[in-house]
Structures are given as structure tokens and as C-alpha cells.
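Inspection log for the structure reproduced underneath, given as C-alpha cells.
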Amino acid sequence: METNQCNTPVNLAPPSPSRVGLESNPQGTIVNVGGTKIGGTDIVIIAGPCAVESWEQLFETAMAVKSSGAKILRGGAYKPRSSPYSFQGLGEEGLKLLATIHKQTGLPLVTEVMDTRQIEMVASYADMLQIGSRNMQNFPLLKEAGMCRKPVLLKRGMMSTIEEFLLAAEYILNQGNDQVILCERGIRTFETSTRNTLDLSAVPMLKSLTHLPVIVDPSHGTGLRWMVPSMSKAAVAVGADGLIIEVHYNPDQALCDGHQSLSLDEFDRLMTDLKKISHAIGRDIYL
Amino acid sequence: METNQCNTPVNLAPPSPSRVGLESNPQGTIVNVGGTKIGGTDIVIIAGPCAVESWEQLFETAMAVKSSGAKILRGGAYKPRSSPYSFQGLGEEGLKLLATIHKQTGLPLVTEVMDTRQIEMVASYADMLQIGSRNMQNFPLLKEAGMCRKPVLLKRGMMSTIEEFLLAAEYILNQGNDQVILCERGIRTFETSTRNTLDLSAVPMLKSLTHLPVIVDPSHGTGLRWMVPSMSKAAVAVGADGLIIEVHYNPDQALCDGHQSLSLDEFDRLMTDLKKISHAIGRDIYL
Amino acid sequence: METNQCNTPVNLAPPSPSRVGLESNPQGTIVNVGGTKIGGTDIVIIAGPCAVESWEQLFETAMAVKSSGAKILRGGAYKPRSSPYSFQGLGEEGLKLLATIHKQTGLPLVTEVMDTRQIEMVASYADMLQIGSRNMQNFPLLKEAGMCRKPVLLKRGMMSTIEEFLLAAEYILNQGNDQVILCERGIRTFETSTRNTLDLSAVPMLKSLTHLPVIVDPSHGTGLRWMVPSMSKAAVAVGADGLIIEVHYNPDQALCDGHQSLSLDEFDRLMTDLKKISHAIGRDIYL
Amino acid sequence: METNQCNTPVNLAPPSPSRVGLESNPQGTIVNVGGTKIGGTDIVIIAGPCAVESWEQLFETAMAVKSSGAKILRGGAYKPRSSPYSFQGLGEEGLKLLATIHKQTGLPLVTEVMDTRQIEMVASYADMLQIGSRNMQNFPLLKEAGMCRKPVLLKRGMMSTIEEFLLAAEYILNQGNDQVILCERGIRTFETSTRNTLDLSAVPMLKSLTHLPVIVDPSHGTGLRWMVPSMSKAAVAVGADGLIIEVHYNPDQALCDGHQSLSLDEFDRLMTDLKKISHAIGRDIYL
């Protein structure tokens, strides 16, 4: 049986070890997101709403998650939606709201970028650029993010192998930017009771292969609010360097992904539980 | 677009709620395996070799895992192997060795049954019958196991949905046997870096739907010895009622699955870590 | 990264080439099902209801499909159903009905066997034993079918790779029975608009690897009556040696799988189209 | 069990029926690619190399495939490659070579666009823009392609459901561009013997849901040169409106995907076979 391998490139020589390979930086890379460090002993929690909707929504959510122990604020201004008729995000107006909240709370910001033409503008507001699951193999976007000197949160494609995930990160590092965080966010399988199948084995696998920090997104990984706490605990136990969790001050009114967003109280209780798990494995939640 | 649903049965009325449904026993079923109880607050660890090979192998492994805190011994006498040329197990000779070890160590036994014709004999040696992943929808075997008054460890099919898993258990309960433990052991996905993708979200999902205890098999779920500890910790953190772990006194010489078996020392260290995690979630390891 | 390979068997030597390997019989194996030959230039159509329900149902369907050009009658007496509350088949009563119809129409019979204890009885009625998708890795059943001197129709597991499929067939051939037909019947993927994803590339792949005949089941492969004709044409065009198609004299009243069963008229029209396709590739429908 | 549905958009109302829905144009849309019409009774074959490499390579391949009956030339100038160290294409130099060949052969051109910033330039050379599998949910790219008045060849994402595929096309049509061709190119499954699993059932499924033409890419769908002919025949038999096939004048020297490219002779023989199949289903190859 013939195998399927694309031909070896003729005019390009990959570095050995690859730039993402563990051998390139055996002690592990620390990514600095506006002063918050990810990749060390402490575990970092990123929280916030799926989409930026209003100043009030963002401010109340940001203040609450900060008080509970989150160190970075998430919130989407440009939203990749399967349907053109779903809410597409507030665009630059959303970025401006994020910047206001940053000033008011001091929380560093991560927000998604979907188009090479947006990178410069988004980078002028954000402390970290997120490249979403659907764009994991958007190679021009990866290259531009590599040229930009901002940290990048790269989410695993929902049907991408670990090898492809690392090669996607290699596109960014190959442009001279090693401030990359990898995020497992669930893969697509035959199972339909959860939105995706959160592949927690990806965490130890990635940690054995690369020096980059690895975090987990239990919100997209399950698509179910009630399941986020238990999968968050498992993600900490398995060795993740952080979590990114959707939190909304009023999940039932959210314009996007409310069914998988924690309320402020649920998030606060979860943080208490996560501290216990992190202590049990000899780590701490970054405070 | 038409959907695909098999016709409603015409001559059979399912009970409402189903026998496996949480509503049938909201406080949760406790399964008693030769005196060891699974399904309560305490977490039970099942350990032992993939296959029974010899008295010495089984005795040394059993004594060690018992000393580390395992409460039930696993070991296969009949092995389902993809190739007819792989080691198929020792058969009844293996069962007799298991019975000897049971007398010498006091550990209850779980071993796999693959054929309706074997059930009576296997049940005469074992404290719990295992129905493996490949037989999850072997309906005659499920019915016979239901008629037998021994506990049943039912492993999820590697490409079975949660719904199919519960319906398979329903076949057993429908024969009057509610002593069933469900085991998540990894599903088949596109990812090839691990042997299977261990679907830890199945644990909270199952716990929300059924009163039956749920355990996890991190050995088959990953296929990688070095990954078993981290996934075991995650399984405890996510809420599993127990684990079933492959341990061999000499993994490199194992006749089956040595690459995913822990050594005696590795298992002992893992038990120490699992106790910490279980305490962090307010449970304990059954001792 | 370590790979996941089960250990090489220590006490068994596989034949080289394997018994299913093309090199073992480069001209291809012809399977003789009660006088109908599968595996030669002519394409054989197997048709009939999902489940045997009554003499009238079976007789009317059998006479019609025979008249349209089907050469073998299918019909299940033992049905593997996900739920214990779905119609489970008529059992031996169904086999007796099949035998009656065989006498009245002359059509050879294929019917499913699910339990090692049933093989002898089923073989006393049937011209070919079917081992269904859920039992592809029911190794005791494969061995018993190998010891029985009847042809075996082995369906690919919905979760099984081509390699596992061939190894399952090897279990049968290894018992001295080379009268095995392989059947692609759809695999499980993330796509939900069809019941399964019919993997037609399995046909040329299998033909390149084994001497056994390969047929296709477009009924289970799609789960949609209206899609059966187009996928049947594709299956003939891709090189299948036959098809097995669910046909019912009154699909809307079928006790099982009516939504994917062709009516008698639909089947008759399809046969006309299949003849044209078979001529276009230099083959013929066996008449 | 809660289900996972993103919230209904609050500020956008989808048209009913959707713009891609069959009801919007029941007689079917004809897409005009530089004078070649796709979507009518005739089947259109698109052929050419994976990547543009040189004038000689392109000219010899183009002349040969035209002579065999291909009506549109494919060739990539911008190549999406998993590794940054693989050949990335000749860029605009490649587009200029394509334009030269277009003048010399009269064949309309289809070539891939990966970045919103490239669309205007690529559209100035090409008769049809290809949006590749990895960009099927690159929503800014879809919107830009919709604003551009060139036909678009949209390939199904390797991880995308039929529903998501249609919604991606809706992004293009929603900008006022209905000149869209859908292309099934294989999905990712657990099976590894082929590069992807070509889902031919997608063809009748899509034809039942949308008025847009549907074509098949058997080269990426299988990743195996020897399997392309049989799957091409199946694709025509199942009802595809066209095929896009990788052909190279010297496959063993190709810089990209040579292992899945047909030689000029192989392509010529295939065209003869495809004509027979198309006649058998009452269609013809466009000449």
C-alpha cells in the first residue's frame, strides 16, 4: 500500500530541531502577556465573555473575574460564525471598549484576529492576539502574527493533529516570534452529546514535544456550562499551564455562546476548587 | 433533509425512565465486587496485567499493587486481539491462575469474557465479568451477562456514542442485573499520536444521565505508559469513581500491551499522587 | 514520540503472505453461494428486507427482486439492535420462513448470525452466514464461522480500519474457510446528514490488497432510501463485485430500517440503471 | 441532556429560503468560467498540476489535458502547506505563467487565493478563484470573494459538515455573487490508508439541498494516483457536475503532490472511461 506523503520541499531546509521542538528551549518558554507570565509554575486563568457586547457587560464581568483571580481578560470583537446571519461582533468599536476596560481594571487583553488586514489594528489594542480554531491553518495570518511582536494564542484546529498544530506554531516562530501559547479547545469526533471532544491527552503530549505553554479551553471543548467546572479541574490536574473560560454577567442574555458561559458566581466557586487541585499537584494559581 | 431513525419498536415498550436512567436510582448504585464497593464516595483502583502469563507474573504484580492500594485485580485469560497470530491468552488455565492468586492475596478478580459459551465458566472464577470495547454491542453476550448474577464491567465501544453505551448497559439491566460499572477507555478519532482519545467528558456526561458507577481506563485510553499518570490524575479530578490501570512486574517483557503498562514502582508513585487529587475534590482512595 | 504498537506475538507465526493477501491467490477467489458465484466478472445483487416479518412479506419481496435480477435473498432473523426494546427479529421462526421461501423461489439465502451458539442452526438454513458490523471483531464468532463450511459475508465494522477488516477476515481463513466476501457498509465519521459515511475508496483499496470479493451495502451506508440508487451506481462504477440492498414490499410498514429500504418498483428501476453502468465498465450484472 | 446551539442572531435575519437553498433557484445555477459552463447536463473536467512550477511544465501539461478533453486548467501559485519549510508556490510569478498559458491554449484558469489582500490581484489573472479546504471557514476571505465578481470554487473543509459547507457558501452568495461551485475533496476520518475519505454521498446530498453545481476532487480525496481513476468514475456515476484532477507531465518530479497526480497518459485513458460512464447515466463530458 502506498503511503501519502507530500514531497520533501526542494528549496527550504527546516531547522533541526524545529523551532517549536522541546530541544530548542528545554527549560520551557515563558510568555509575557502584558505583565502576566504563562508557562511557569503558576497556572494562569483567562476569563471573559465570548463576545464584547457593551461597556456594562464587559466592565461587570471583568471586575468580577479579576476579583475571583483571573489574570487576563478575553472578549471577541471579531467573531467567526458559521452563519453569515449570526452576530459577527462589534469590530473596532469592540476593541475600543476592551481598551477602556483595560484602563479601568488593569487586566491584559486577548482578542481574536481573523484577517491579515486587521492585525496591525488589533495589535494596537490587545496584549495578545488570538488565532482561532478555524484559522489554525490560515498560513498568511500565521505569518503576519509571527511578524507582529505581540504574543499569540493559537487554538488547535477542531480536526487538526498534534503534528499539524505544532507545524502551525512553527509558522509563527519561523518569523521570529516565540511568544506563542498553544490552546487545546476540543476536537471534532463522532460523539454529539458534547459540542466537541476535549482532548486532554493533548496537554501532556504537547508538553513532551514543545517548550511552548499549553492551555485548555473547557468552554468550547464541552459547549456545556454545567460541564465546564469538572473539565477545568481535569485540565489543571493533567498539567495545563492555564485555562481560558467563557464567563458572562448574564449568560442567558449573551449574544454568543451563553449556553457554555459560566455566571460570575459559578466562576468564583470554580476558582476555589481549582486552587485546591493546583496545590495537589504542587502548583498554584497565579495571583 | 430526511433524518435516519430506525423505526420505533412495535412490540416492546421501554420502561420510563429507562433502567439505566438516573431517575431510576437517584442516589446512585453501589456495585459490590467481592466485597469492594464502587460508586460511593471512595475511589477504587483496579490494577493488574493486560494478560495472565504465569503464576510468578501474576503473584508479584498482585502483591505489589495490593500493597500500593489497589483493591481489585485485573488480568485477561481470553484476549481479543486484532490479529489471529497475536497471543490469545491462556484460557481456562489463566482463570485457574487468577483463582490461585485470589486465594493468596484476597483481591477480588475482574477478567474479560468474549463468548456466551464462556460466561458460566468465567463467572465461576471471577468476581466481576468484563465486557470489552469490541463487544459493547455483542447483544447476546450482554443478555447472558445480565442473566448471570455477577457484576459486569462494561467498556465503551471505541466508536460508540454515550447514548449507545447506555443502551448497551440497558440490555444487562433489563435482564435483572443492576450491578454494572461503565468504563470510558478512549474513543477512535483522527488523532494518531495516542492509541485512542480518552474522552474524559464522558465521565460527567454519564454521571448526569445514569446512576451506575463510572470508571476510566487510562492505559488503553492513551496507549502510552508515560501518559498514564497524568491522565489518571485528570480522571480522578473529573469525577471518576475508579480507575482500571495496566501494571506489569516487567513491562518490557509483557506478552501484551507492555508499552502501556506501568511498572510496580510507577504504579506506587501514582497512587500517592492520586490520593492528593482525591482529597482536593473531597473524596478518598478506597483503602 | 513513542508509537503505539502491541507487542509482536511470541508464540505464533503468521503465514507470509497472509491468507487474505492478494499474493495468496492473485487471480481472485470466487465465492459460491448456493450456486451463485461472486468474485468473477459478473456483478451480483443481493436484495431483500432488513428483517424477516412474515411469509407474505418475504414471498412478495423475494419474487419481485428475483424478477428484477437479484440472485441472492437477504433477510434477518436475528437482529442486532442498539436498544433492547427494538424489534429483535423472529429467531428460528424467521429462519424457517426463509427456508420456505428458498424452496419456493430458488434464491440462495444470506442471514445474520450473532452468537457462536447459533452458528450450527443458522448454517442449517442459510447458504451464507452474515457477520454484521458490530461483530466484526467478535473473534470467537469469526473462528466458529471459519470452522463452519459455509460462505461468510463479513461486514466492515463501523469503526474499523481496512487493516483491521482484513485481519478479521484472516481469523476466518485461518480456520480453513476461504469462502469469505467483504462488505463495505459505511463508517462512522463526524458527518451526521447520512447514517454512516459510505467509504467507496475501500473497494479499490481492498481489491488491491486481497483476493476476496468485495461488495457494498448502500442501504446502511447512507440510511436514506432516496440516496441508495446514486450510491449503488457509484459502487458499481468503482469496481464492487456486488451490492446488498434492502428492499421491502411496503417500506413504510417495515419493522426495521424502512426509511432506507427501496420499494419493489424503485429496486426494479435501479437494476436497469446498474446494468448500464456495469456495461460501461466492461462488466455485467449476473443473471 | 442540554444541546449545544449558539444563540440565535439578534440583529440579522436570514432570507427564507437561504440563498444557497434549492428553492432559491430550483432549475439549478450554471456557473460560467471564462466561457465554460458548469452545472448543466454536461460534465466538466478541470485538470492541471498541483503547483505552477515552470512554463514548460505548465504548457506541456495544459496542451495535453486540453487535447484529452479538459476544459479548465488548474494550477496553484499560492500553496497552503502544513509546514513552513515546504514549497509555498511561485506567487505572482506563477500567476503570470498561468496567464501566458491561458493565452497560448485558451483554457480558462482556476487558482487558489489564501489571503484577502491577494484577491484583487489573483482575480486579475484567474477566471475562477479557488478557496481551499483549510479556508472554508475563513469568513473574511469568503466575504471578499463574494464582493469580487469572479466565480468561486469552494472546497469543503476536511472537518466540515454539509450544513457548515452550505453556510460557508451562503457567505459568498450573501455578498451578491451566486457564481459558486462546491467541491467535495475528502473528509478526515479514523481511516489512514487513504489521505482523506472521499465522501461521495456528499454529492447527492448537496444536489438535494442547493442549486449550486457540485464537483469532486479525487486527487486530494484519495491521495493515491492509482486510485484516482476508479474514484473519478464513481464520482461521475453518483452525479457530480465535474471533476478537478491533478495531472503532471512528470509526476515523480513534481514539487507538490506528485504521488497523487496522474501522468498525461493516465489522464487520457481516464477521459475515455469517463465518457462511457457519463453516457451510461445520460450525460456527456463537455467538449
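Quick notes on this one:
Order of writing sets the labels: A, B, C and D. Residues in every chain begin at 1.
The rule is short, and it goes like this: contacts are C-beta pairs under 8 Å (C-beta built on N, C-alpha and C of every residue); 3 or more make two chains touch, one makes a residue touch a chain.
Predicted model only: the values in this text are computed from it and were never measured.
Path length between chain B and chain C in the chain contact graph, taken as the least number of steps between touching chains: 1. Across the two interfaces under comparison, B-D and A-B, the one joined by more C-beta contacts turns out to be A-B. Note on chain placement: the centre of chain A and the centre of chain D lie 32 Å apart, centres being C-alpha means. Chain geometry summary: the mean Cα position of chain A and that of chain B are 34 Å apart.
The geometric centre of chain B is 47 Å away from that of chain D, both derived from CA atoms. Residue positions of chain B touching 2 or more other chains: 1, 159, 188-190, 192-194, 205, 208, 226. If you check the complex, the residues on chain C that touch chain D are 159, 161-163, 187, 189-194, 197-205, 208, 221-222, 226-227, 230-231, 233-239, 273, 276-277, 279-281. Those residues of chain C whose C-beta lies close enough to touch chain B in the complex are 1-2, 4-7, 9-14, 80-87, 114-117, 134-135, 137-141, 158-159, 164, 167-168, 170-171, 174, 188, 193-195, 223-224, 226, 254-260. Taken in their complex, chain B has these residues touching chain D: 1, 159, 188-190, 192, 205, 208-209.
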